[in-house]
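To start, the structure under review is shown below, and the notes come after it.
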Amino acid sequence: ADELTLQLKWVTQAQFAGYYVAKDKGFYDEVDLDVTIKPGGPDVAPAQVIAGGGADVVVDWMPAALATREKGVPLVNISQVFSRSGMMLTCRKDMGVETPEDFKGKTLGVWFFGNEYPFLSWMDKLKYKTEGADADIKVLKQGFNVDPLLQKQAACVSTMTYNEYWQVIDGGLTPAELTVFPYEDQGVATLEDGLYVMEKSLEDEAMKDKLARFIKASMKGWKYAIENTDEAAEIVLENDATGAQTEKHQKRMMAEIAKLIDTENLGKLNEESYNRTVNILLAGDSKLVISKEPEGAFTQEIWERAQK
Amino acid sequence: MKKHDYVLIEFLFLTVVSFAVPVGQVEGVSVYWWFDSAALILVLASLGIGFFHLVRGRDGLAAGLLVALGTVLGTLAPLQLIGSIETGEILNLGYRVFLVAPGLWIYVIALGLLAWRAMTLLSKVADGNRLIALAIPALFGVWLLYLWQVITTGLGIPSVLLPSPGQIGDAISNNGSTLYADFYQTVVKSVLSGFAFGCGSGFLVAVLVDRVPFMQRGLLPLGSLVSAVPIVGIAPIMVMWFGFDWESKAAVIVVMTFFPMLINTLAGLQATSHIEKDLMRSYAASYWQTLLFLRLPNAMPFIFNALKINSTLAMIGAIVAEFFGTPIVGMGFRISTEVGRMNVDIVWATIAVAAVVGSLFYGILALLERRVTFWHASYRRAK
Amino acid sequence: MSEASSKAVIEIENLDLVFQTADTPVHALADIDLTVNAGDFVSFIGPSGCGKTTLMRVIADLEKPTGGHISVNGMTPEEARQKRAYGYVFQAPALYPWRTVEKNIRLPLEIMGLSGDEQKARAARNLAMVNLEGFEKKFPWQLSGGMQQRVSIARALSVEPDLLLMDEPFGALDEITRDHLNEQLLNLWDTTKKTVIFVTHSIPEAVFLSSKIVVMSPRPGKIIDIIESSLPRVRNLDIRETPEFLEISHRVREGLRSGHSYDD
Amino acid sequence: MSEASSKAVIEIENLDLVFQTADTPVHALADIDLTVNAGDFVSFIGPSGCGKTTLMRVIADLEKPTGGHISVNGMTPEEARQKRAYGYVFQAPALYPWRTVEKNIRLPLEIMGLSGDEQKARAARNLAMVNLEGFEKKFPWQLSGGMQQRVSIARALSVEPDLLLMDEPFGALDEITRDHLNEQLLNLWDTTKKTVIFVTHSIPEAVFLSSKIVVMSPRPGKIIDIIESSLPRVRNLDIRETPEFLEISHRVREGLRSGHSYDD
Amino acid sequence: MTDAVQPQVIPSWRRLYDGKVIPVATVLIALLILWLAGAVYMNSPQLIDQYKRGNVEWTFGKLVRDSWSMERPILPAPQQIVVELDKTVLDKKITSKRSLVYHAWVTLSSTLLGFAFGTILGILLAVGIVHIQTLDRSLMPWIIASQTVPILAIAPMIIVVLGNIGLTGLVPKALISMYLCFFPITIGMVKGLRSPDVLQLDLMKTYSASAAQVFWKLRIPASIPFLFTSLKVAIAISLVGAIVAELPTGAIEGLGARLLAGSYYGQTIQIWSALTVASLLGMLLVWAVALSEKLVLSRMGGQAA
């Protein structure tokens, strides 16, 4: 079997169920692939791993991938798994946040490590200054969890619909006490989990074939996961080496993940969404993330081959 | 009896060998040293100086400086070449990259030998000469940086993995204000306050507990318990307790520095010999007089030991703690954020600032120690 | 053995001291009876480990006896120590390396709270006494062993105690310097009427200096002979050639020999 | 001053040694001329700091002279050291604390590569010589200072050198033990015909042991008198009462006194 | 007059008092009480907030009980940690990924390997520094500077680079742990190898011993007490290094991964129990080194360090 290494963006969880299912159910074996799945973590930059030759394919978010491309690491999107963004800003009503106008003067929790680009674009759109002595809002680099919100150290924190939001709920706050700002609703949604390879991989015919087979089996895995969310969550749990994930949380996450994925043309990059993402990142005068229209940042060829 | 200087002979041999093999490629065609006349002259200069010294074989300052000059001239040759011709990319070629420009790498190894000879020559005359005593480690450091530069650029290592010192230097000069803001947040706010508070409280508790042996026996074993608690575990807890600004970083530093100071001060206070204490007793000196006149001065070497250990702990502690939640400024924030943004040059620029600040901090404490404990056996010579 | 106790500075009766050590207890002093009168110059002599230092330390309240009675100036040793009744010269110089020679001498005076001027004056006076003028600003480790020991003597003298306890103060010195300091000490003793207790290994030194020689033997440490000297109070080095001197020396040597065992 | 050089073990001519220190150079030895013949017992005596130890260290090639000539067994001191020509007893015992008494004595023998049996035999023999049978398995800190010094003497003897350098070997011992070891050493010297160089502070010891006494004076360290002893080679302690003995002692003392300055 | 202080048989409680057991227990109990009080103090604001929002009647007793049994406390009560430890240490099979023993074992193996590497590197550097004048003069400042580099910052890059040359799994983690723990060993060994005084060295010279003989018969034995003192420091650091190194390897398994996962999900109790196990493991390791120190030193005549 051909060997292939996949680097995830984050720790083993239902966010990546499709790949684990494909491996567990033997879908990769069917296409004669031996796939190694490397979990990520807070200090793992998928783009760095692939640049260093540590993986053949990585799961990453498009803003980060485009920014990396500008830095001279030529990442190319070969398949876009999540069609919608799951990112939200979750705020406490009792700290006085009901609309984006209320952000002024508040402390907002944001993830960095390349995940801050959508947020920065949004704030740019809202004409809020986030840095310096005269900043309109105080930005806090949020750690791994939602504690700053629970402890009222921040008025808002970043959450994913499928993960941190539920930690807030588990933390004792009710949906009625919260205001949520999904990026989709604010018109600043950028594409999230997609599959990226180095440009060089696309120069080699054998590699292209391998990637197509990988996409094919992975999408089969995702399809299965969306149809059998509970079983998929259990497969994820079995693959979690930390033993820290809970069943309740993973099942819920899997259900939420399913909502972000279009099963029609599963894995195909929607060029409209791509253009929207690029425009959001290019908008404003700050040029925070990318400074010019990227070229060759995606290809549909692999996905199309995978349909055969 | 005259011994052969094998290091120099080896240098000459390797350099000559480097002439026989390619030093790189231009459009796929192997080229040799004489492709670039500037590089050729530099190599020949180093070769000449090496040969001259081998024949003359004399020690002394002049010889040391001459060989050092030869090394410096020699090091410019590879830099000159790497900018103008192809030397291979490690990610494409793997270990075969060394076959693209074998002469270059052989010469770099040869230069290592020449640099070594320069340092040994200088070491011999360094006693009593402060300038040279400082120059030797500086030369060594420059050599390390040089190797780093040649390897990253010569082997085409992607800068997102490891930028070259040149790129790091550029990043430092281009991001001065950011780096200063980070320095202010991390060092001035977190490190200094945490260090002062941690060391201060460790010292005070030691002085208090010293009177109660019972407490000492109870506290000391806990010291080894706490020293084994990883900072990556304390940091999130402190962020939870003290908020995300510098206070939580200072708290992490306090936890890290408290016990080393406590343990060292206690050991220092107890390091007085029987006879010294008996002397105080024979004067019917009070507890505080004994402390002031005898035990504290005597404990100074121990206390400085703890201060030095703690200075490196404090820097690392503050930076690591910033990984776990911070306002968007600070060296730890910068490092963790810019890695994700693929700005690895800024990451290394920040690391460089941290290393320089940390070493300075340490150096200042070491100087102060020399001043305060001048009387200690480790500082006085003869008699 | 005890005498007119009206002038007695130190009275020791039936004193016992056992050190508790990890393995076996060490019987360092057994059945010690001794009276020292004001103005006496008493030497302790005996083989290594016979308890000379220990006995001196008991007098100075640096060691507590495990049996018997002792009084110093009519008080317990502890009270006497707190009244700063004595000056002690240790077997080793015990100078503080972070203080200059002068500062070392001023140490006890600072602790006693004397005025700066007084401290200065006394330091100068006593440095002169041990021939170390000009070394005020040196640090102890810049001096030879013998000079260090002389600084420690000057330090003890600067306290100006009536009772001087000296534990082998001249051990580290060569014969000539030693002779010189012996004369100085004798002179000081004679003019100031101090009481001196002195430990030495040297028979001639003991005989030359003392008005009373206490010969001790080890295991357990006890007194085997107390010799009252018949030599005049004012002496010079030539007295060492006289028959009385040799006779006393002989008696001390005999005492030592009888108490000696070869296992050390 | 030099004699029949056929039997000369050590020949020193015009020797000079200056220590370079941080501030001022110290002129430790100046103009030393000395010949030591096979079978001599030579004592160095002089005030503290006059260079006795330094001179001994030059002979042992532990210090390089800055001027003059010296030969040991007709070779340079370095060659002699490499041939293991001498045994050295330092002023301090210098035992390795992690080795038992026996292992300490075997240390030089291990280094010389002797067989295990031979090492054992020599250790046993020399321990007996210094009266320490039964202490083989003890560690140095379990011995008193005097016992440690005796171990270090046994260690030097176990090398069985023809030339023995001893730097105040008996300084830490009390008078009785010292007398005893003096007799033993004299006996050893007489029976094995070794050459011994010996440093001491004690005039009687120097006179009792030596066939030749070298009196030194400090600043710079030089030889001010060399006294050939008229005493017979075989002596016992009683000789110390004889007029010849007292006369030699007197001459040594006079020499010492003349070379003495009071500033140390 | 001084009366005799009679020596007597020391009662056993007295020995406990003079030993470590009672003092440590006392300090621990005091800490425990502080801890329990602290848990109430730190957790109650959130609880009171909850009560208010839920309109719950509450008494102080209820507040105390609740603050000792919150699911996501700011400071968990000790008994909660004990319960969690009971669940994750005793109840689970030790091969299970939910068993802390399993994770401790993972961390321990890279700790020990890193410690071994660090000891070797540390000693080699020290030997070089002591014997080669040029190294002595050139290396020391850089060794100190190396320790001012925040390892957590470069660990991910090290892992990526090492992964690139085919080193994965235990070795990269051990190398990071080595980077941290070689330092005290180098410092201690340099001191130790230089501890023989002039006299001890001169003695060797009079035997005209070779450099190797001086090294093995004098420098090495003299440095042993220093070595052990450093080893005790180093092994604790090595554990910290191993835990740090687990984060950028994808935090798959080991105590560091547990810490992080606990942190990621706001599971305070999980963090604290992982911390507790880490500290106990650290203490155990230090104790093991101390024990071997005792054994070795007693064979070497029991001189104090």
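In this document, chain identifiers A, B, C, D and E correspond to the written order of the chains, with residue numbering beginning at 1 in each.
The rule we apply is simple: a contact is a pair of C-beta atoms (placed from the backbone, for glycine too) under 8 Å apart; a residue touches a chain by one contact, two chains touch by 3 or more.
Here the structure is a predicted model, which means the values were calculated and not measured.
Quick one: which chains contact chain A and chain B both?
Common contact partners of chain A and chain B, which must touch each of the two, are E.
With contacts defined as at the top, give the pair, A-E or B-C, that has more of them.
A-E
Can you compute the centre-to-centre distance for chain B and chain C, using the mean CA position of each chain? Integer Å is fine.
Computed value for the inter-centroid distance: 55 Å.
Between chain C and chain E, what distance separates the C-alpha centroids? Give it in angstrom.
51
What is the distance, in whole Å, between the centres of chain A and chain D, each centre taken as the mean of its C-alpha atoms?
85
Which residues of chain A are in contact with two or more other chains?
Those would be 42-43, 45, 48, 52-53, 143-144, 147, 151.
Mark out which residues of chain C touch at least two other chains, giving numbers and ranges.
Correct list: 144.
Could you tell me which residues belong to chain E and also touch two or more other chains?
In chain E, residues 74, 152, 156-157, 160-161, 164, 247, 260, 263 touch at least two other chains, as defined above.
Considering only the defined contacts, which chain B positions touch chain C in the complex?
Those residues of chain B that touch chain C are 273, 275-276, 278-285, 289, 293-294, 297-298, 300, 373-376, 380, 383.
Using the touch rule from the top, collect the residues of chain D that touch chain E in their complex.
Those residues of chain D that touch chain E are 57, 60-62, 81-84, 86-88, 90, 92, 94, 96-100, 107-108, 110-112, 139-141, 159.
Write out the stretch or stretches of chain B touching chain E in their complex.
Residue positions touching the partner: 116, 119-120, 123-124, 126, 133, 136-137, 139-141, 144, 161-162, 214-219, 221-222, 224-234, 236-237, 240-241, 312, 315-316, 319-320, 323-324, 331-332, 335-336, 339, 344, 347, 350-351, 354-355, 357-359, 361-362.
List the residues on chain A that touch chain E in their complex, please.
Residues 11-12, 38-45, 48-49, 52-54, 143-147, 150-151, 167, 170-172, 177, 240-245, 249.
Across the complex, what residues on chain E touch chain B?
Residues in contact with chain B: 17, 19-20, 23-28, 31, 42, 74-75, 133-134, 136-142, 144-145, 147-154, 156-157, 160-161, 164, 232-233, 236, 239-240, 243-244, 247, 256, 259-260, 263, 268, 271-272, 274-275, 278-283, 285-286.
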